[in-house]
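As written, the chain order gives the labels A, B and C, with residue 1 at the start of each chain.
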Amino acid sequence: MLRDITLGQYYPVDSVIHRLDPRVKIIAVFTWLVLIFFIRDFTGYIFVTAVLAVVTAVSRVPVRFMARGMRPILFILLFTFVINLITYPGTVLARLGPVTITDTGLQQAVFIAIRLILLIFGTSLLTYTTKPVGLTDGFEAILSPLSRIGVPSHEIAMMMSIALRFIPTLLSEADKTMKAQQARGADFESGGLIHRARSMMPLLIPLFVNAFRMAADLAMAMEARCYHGGKGRTRLHPMKFAARDYAACALLILFAVLVIVQSRGLLPIPQIWKL
Amino acid sequence: MNTVIRAEGLSFVYGWEKDREHPVSEKVLDQVDLAIEEGQSIVILGENGSGKSTLARCLNALLCPTGGRVLVRGMDTAEEQNLYAIRSTVGIVFQNPDNQIVSSIVEEDVAFGPENLGIPTEEIRLRVDRALKDVGLYEMRGRSTYQLSGGQKQRIAIAGVLAMRPACMIFDESTAMLDPRGRKDVLNIMEQLRAEGMTTILITHFMEEAVRADRVLIMKKGKIIADEPPEKIFSREELVREAGLELPPAIRIRNLLRRNGVPVPDRILGMEALADWLCARKKDAGGGSHED
Amino acid sequence: MKIEVQHLSCIYNRGTAGEVRALDDISFTIESGSFTGIIGHTGSGKSTLVQHLNGLMKPFSGKVLLGDTDIGASGVHMAEIRRRVGLVFQYPEYQLFEETVAEDIAFGPKNMGLDEQEQEDRVREAMATVGLDYAEFASRSPFELSGGQKRRVAIAGVIAMRPDVLILDEPAAGLDPAAHREMLRMISRFHQERGCTILLVSHNMDDVAEYCGQVLVMDQGKLLYSGTPREVFAHREELEAIGLGLPAGAELLHLMNQRGAEPGGKGALTDAEAAAAVLEWLGKQETC
């Protein structure tokens, strides 16, 4: 059930990727997201997939583990694939009653599926190799130039990290409350939509009340430990750019240039199945 | 001796900030006077709602007195500029192990206080390592806080306070939600801190935790109704019952023996001491009968 | 109602690296109308065990028999099992949700499909049992009560289903000494008046010694001991090794034994029994 979700978890092994500065990894992932939508032919996807495979191998996160994380989104993947497959006009390849599959449709569907898979593999590689603390610190640092124009970058990062910290606690709380109400004969499974929504109240109200209690307790505990926002705060693990981070940045730039140049057809290699 | 904390005529009412004429609650603390000396170990007892936790929160400026004042090493808790100096001098560990852990990684959580205080990175590292070794969880520094047991979480919370290098630590029912093993671990750490000269204030419902204290305070309806060493407090059975409390187990048995003519002295408070005393008495009696 | 557990096992995260044997081949019998204590530290399998007894969890292997009903068998009505075996979780006050105390307590009876009159009767009866005055508390919001009162409302919510078996997971945790005493007396009274079978999960060995006729000791998913308090607390070293203590009286006699003294009173558990044993022993010393 909920405990099977591996997507977004940290995978604790030591690798160069794990040791990279979170800021580099976050920027790399954003670059990655943009780049995979630039590519418009099969050659490009082969190239970026190969790069992703190399990075994954270096990160030492098992591919099987990552694939398991894909399971929850398999449905979305299939759904978008089918929708794309049947909604594009073009040369008809197959016909099933009113549904037609066209060559453009097939190509779009395949490309969208590839993009989604690459997108999720890429972003999950970030969370598999970066501790939540690193992620939030990284976001804070990247957002910090915006704090001059009033964006509360520290507060956003702190809220993210507390949310990550409390998700498992709230899940186990929900589990406990559910069982306690079931012990009093509550039925969360049967009935129509409205009945089911109503039957969630015995679960949701205690959950909210407890979440507020937790928040109050935590706020008190943070104050007791002298928390007063980001001002004058130091860090146990300050982020420092090491040689490997500069190298990673250089590789990232090289990668981006290659992808863009290739997608424009400026490289002397054929563009297979161009969109 | 140096006074770490002094409360003078301390009163507290909830909701007073909004409307002075019509506060939300009755007086939770009512004219409390208290002086805590450096290195003392204090236990505060009292039924639920007697004002123990509110008192604790007034002692480290989490709450500001609505009457009277609290001085921590001479600093008034009502003055804004003293806030962080006071909170790092008087640390507090709360009841619920889950709700006081800020970070999802052990060492990051312990570092939270020093980070807020703006301590340089190298110094934070030293303090975090020291604090984790003090609570015996150094090996777990890289672990996720979620997987720890309740007792381990409380030890992390203690380490988090220790890393601020406080002079005094308040344990606000910090043992209440733990199983016997977790409780024992937390109490052992507390004893060890006390031996190193830390001032400790323990709020608890477990009477046996009170017998080793230097002073036991009993609270009722916002007042301190007794403030004496444990041997005096627990010889006043009437007072203890009236405050909604009970006697520690060793003292219950001690009193049963006394009623049957065994003159166990007041200073015998713990089970070990009682066993020692009884066995010594047997030897004396045994020796005596041989001489006859 | 008699409860029989036969070779019950439960495994979490089966087939993964994090596989946990939460329950490992457990068998015991609890007689109808008895008062049984379950001790063991956190993670020993106590909570998993009690959740199997009212069908919140299904046996992975083995059987749970409730009277003559095998609750793992197909066609067994789980709602009925959960009504007959009332389960009060730890810190049950965090599960309150209704607008008034009476409505919250009526949640169980309502789910049973009882009519409004019957629901109200049940609420009145349950509130009387836990010592909450109907006129004073019935229409108040459960969220404005004190911690101890909330806990009693939550317990009343289970009692209102008139269970044949009542399981309480540390009902006195976090209460002050007076409320703690009152809670146990209330449970004991309920046990005697209704003849309800009681299972008490507790960390307080004095309570276990005083109220329980039978004790189950859990450790790492295994049932380590099962017997009368006297039999179970005779295993001092073993209990200490798994982080469990002794009742006060037994502890004193144990400490005296360690110091080479041999007061009699084998099996003494309570304060009074220990005091009697010590007195007898001192008397002997003085006469010889």
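Going forward, contacts are C-beta pairs under 8 Å (C-beta built on N, C-alpha and C of every residue); 3 or more make two chains touch, one makes a residue touch a chain.
Quantities reported herein were computed from a predicted structural model and do not represent experimental measurements.
S.K.: What are the mutual neighbours of chain B and chain C in this structure?
M.R.: Both-contact set = A.
S.K.: Name the chain pair with more contacting C-beta pairs, choosing from A-B and A-C.
M.R.: A-B
S.K.: Going by the average position of its CA atoms, which chain sits the greatest distance from chain C?
M.R.: Between chain C and the rest, the longest centre separation is with A.
S.K.: With chain centres taken as the means of their Cα atoms, state the distance from chain B to chain C in Å.
M.R.: Comparing mean C-alpha positions, chain C is 29 Å from chain B.
S.K.: Express in whole angstrom the distance between the two chain centres, defined as the mean CA positions of chain A and chain C.
M.R.: It comes to 44 Å between the two C-alpha centres.
S.K.: Of all the residues in chain A, which ones touch at least 2 other chains?
M.R.: Expected reply: no residues.
S.K.: Which of the residues in chain A end up touching chain C in this complex?
M.R.: 3, 176-177, 179-187, 201-202, 205-206, 209-210
S.K.: Going by the contact rule set out above, which residues of chain B touch chain C in the complex?
M.R.: 46-49, 95, 149-150, 173, 176-177, 179-182, 184, 205, 207, 244-246, 249-250, 252-253, 256-257, 260, 262, 271-272, 274-276, 278-279, 281-282, 285-286, 289
S.K.: Quick check: in the complex, which residue numbers of chain B touch chain A?
M.R.: Checking each residue of chain B against chain A gives 57, 60, 62, 83-84, 87-88, 91-92, 94, 96, 98-105, 107-108, 111-121, 124-125, 128, 142, 145-146, 157, 160-161, 164.
S.K.: For the complex, which residues does chain A have touching chain B?
M.R.: By the definition above, chain A touches chain B via 12, 131-133, 161-162, 164-165, 168-169, 213-214, 217-218, 220-228, 232-238.
S.K.: Which bits of chain C are touching chain A when the two form their complex?
M.R.: Contact set of chain C toward chain A: 13, 51, 54, 56, 79, 82-83, 86-87, 89, 92, 94-97, 107-108, 111-112, 143, 157-158, 161.
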